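Right, I'll just put the structure down here and ask away after.
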Amino acid sequence: MSKDYQAISDEHDARAANLFRAAPDIMRSHRKITQAAQSPNALDVKTTEMMALAIAITQRCEGCVIYHAKQAAAHGAVREEVCDTIAVAIEMGGGPATVYGADALGAFDAFSS
Amino acid sequence: MSKDYQAISDEHDARAANLFRAAPDIMRSHRKITQAAQSPNALDVKTTEMMALAIAITQRCEGCVIYHAKQAAAHGAVREEVCDTIAVAIEMGGGPATVYGADALGAFDAFSS
Amino acid sequence: MSKDYQAISDEHDARAANLFRAAPDIMRSHRKITQAAQSPNALDVKTTEMMALAIAITQRCEGCVIYHAKQAAAHGAVREEVCDTIAVAIEMGGGPATVYGADALGAFDAFSS
Amino acid sequence: MSKDYQAISDEHDARAANLFRAAPDIMRSHRKITQAAQSPNALDVKTTEMMALAIAITQRCEGCVIYHAKQAAAHGAVREEVCDTIAVAIEMGGGPATVYGADALGAFDAFSS
Amino acid sequence: MSKDYQAISDEHDARAANLFRAAPDIMRSHRKITQAAQSPNALDVKTTEMMALAIAITQRCEGCVIYHAKQAAAHGAVREEVCDTIAVAIEMGGGPATVYGADALGAFDAFSS
Amino acid sequence: MSKDYQAISDEHDARAANLFRAAPDIMRSHRKITQAAQSPNALDVKTTEMMALAIAITQRCEGCVIYHAKQAAAHGAVREEVCDTIAVAIEMGGGPATVYGADALGAFDAFSS
């Protein structure tokens, strides 16, 4: 009954791979943007991934929420930090951010366990 | 084949409860916002719930659409009023509001029958 | 120092008139949508105009906020009702809705005095 | 495991038909907007349908993405043109547009084969 | 009384240059995305710039609307094509797209004369 | 010619004060949300303010961008950290985030000097 976050993530990856094969130029350029934003600089990657998660929640993009929750877990974010991230998203995003924030926590729980 | 709105609503509730346990401060604060907005004042609750539904449709937030359709039904909104609400959402939200507006009516029908 | 809402409204009207002359088909169709949404039906026009205002606040569209605040005033909305409308927008729209909600009240005050 | 775009499209059509029966005025007005926008004029329909698809991707509206991918296919858009359309959406929509852009390509592939 | 689109455009350029100096990596990556999206491929640049304009209108981003209206004019778009572009934006974006669409036409008129 | 961020900030404060007097319940509730989100917890306030700034950029809300740039400066964020914040916003928000990101840096420069 609860979401299978791993399966949803795999489906998104398969579709993204299909797009990558069909439109390599734009996808490679987007990857460079991601690398520029998600590299240790003045802020570490854990922090910038949580920022991306906060934005994804307010953008109401399920695929993005799951992806960045997974990345935040992979870069060592702990549950309390993710909750603080969701709190900022709710401050800025109102009601919908409680819906997608709850999804973010569910995804984080699935990928960090 | 058609959506099981009750099941989707239950899943959202379960995820929201999980977030509430993990981040009680922010969720309690959000509940206070909801209470301030959804209390009889110059406007009655049926009207403010339909307003929240209209916003949810234009925000393209399925979980919010289902929640506020349910609340509108619980506070006595009738089908013609919900249709007028959807009409305003379409005026302001264009094409996507026809998609999420159709979802709002489906959810209202499920919860008001 | 405070905004001249009448002047901003006039500028928007002038630009809209320019678009109407250049693209009469689409603008006439949009006017029909507006008439369908903003006609007394199960809900009266005051209510549907306040709904449109609530949506405009969460859409962060200054021109729309000013237009629908003016319309709400013209259809007899009182200040307390507009405040309740803004409250729902803040519930659904978070922080940005406090910014555009404050603008909505400023515009309503300008057009209702 | 991959999405059944035809089934999702059929579900949306069924819900839209339900809304059409309940709120014929607003839905008929919206249809007129669509006809005004999607008629051969200075731009042909294939181009305006791809524009609508590009917008749908940045609006993160799955139902709209599927609908306009189907329409683009029906009006003769080829895969390379859809990829260019997705590229503009990614330029303007960032990360979420890669998610919904991948969905657009999946839907186009389903409806054009 | 009407907007000085050239002056607004110059201000945006000055701020963008300031950001470019401070954050060259991300801005250079974004420029590559823009080049990938706005190069003649299956679609010509005039068409992809009008697509970007259509998206900008529905995103309610004044700076983007002005920039892409200028680019569309520079790549040979004529007024009737820009009107068709605005029509698609109104189909997908509703009321706010009439506001930002009127701005798009004003900017196009300023840059194409 | 460049923006007077202090004056814009003062205007927003004046309008917010007007709304606070008219609708104290909802504004007090929103203040509690802000306090819950912007308190030292697992993340410090500098980080959560930069998160709010990143979200504000992708929401294309000028008033929010200026407010949270000011708050980030007040809580000790340095220019390099704000640039990294803007980079994440561009990753997630695409073209419009370069416009509002440039505004964020301009505001930060004004409030941190």
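First chain written, first letter: the chains are A, B, C, D, E and F, and each begins at residue 1.
We adopt the following convention: a residue touches a chain if its C-beta (ideal position, glycine included) is under 8 Å from a C-beta of that chain, and two chains touch if they have at least 3 such contacts.
Please read these numbers as outputs of a predicted model, since none were measured by experiment.
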{"item": "Both-way neighbours, i.e. chains that touch subunit D and touch subunit C", "value": "A, B, E, F"}
{"item": "Same-residue or different-residue interface between subunit D and subunit F, half as cut-off", "value": "same"}
{"item": "Which of A-F and A-C has more C-beta pairs touching across its chains", "value": "A-F"}
{"item": "Averaged-CA centre spacing for the pair subunit D and subunit A, given as whole angstrom", "value": "25"}
{"item": "Centre distance in Å when subunit B and subunit F are each reduced to the mean of their C-alpha atoms", "value": "29"}
{"item": "Junction residues of subunit B - those touching two or more other chains", "value": "25-26, 30, 33-34, 36-37, 52, 56, 58-60, 64, 83, 87, 90-96"}
{"item": "Touching residues (chain side subunit D, partner subunit E) in the complex", "value": "33-34, 36-38, 41-43, 47-48, 50-52, 54-56, 58-59, 64, 78, 80-81, 83-85, 87-93"}
{"item": "Subunit C - residues contacting subunit E, complex", "value": "7, 10-12, 14-16, 18-19, 22-23, 25-27, 30, 33-34, 52, 56, 59-61, 63-64, 67"}
{"item": "Residue ranges of subunit A touching subunit C (in the complex, touch as defined)", "value": "58, 90-97"}
{"item": "Interfacial residue positions of subunit F with respect to subunit B in the complex", "value": "25-26, 28-30, 32-33, 35-37"}
{"item": "List of subunit A residues in touch with subunit B within their complex", "value": "1-3, 60, 79, 83, 86-87, 90-91, 94-96, 98-103, 105-106, 109"}
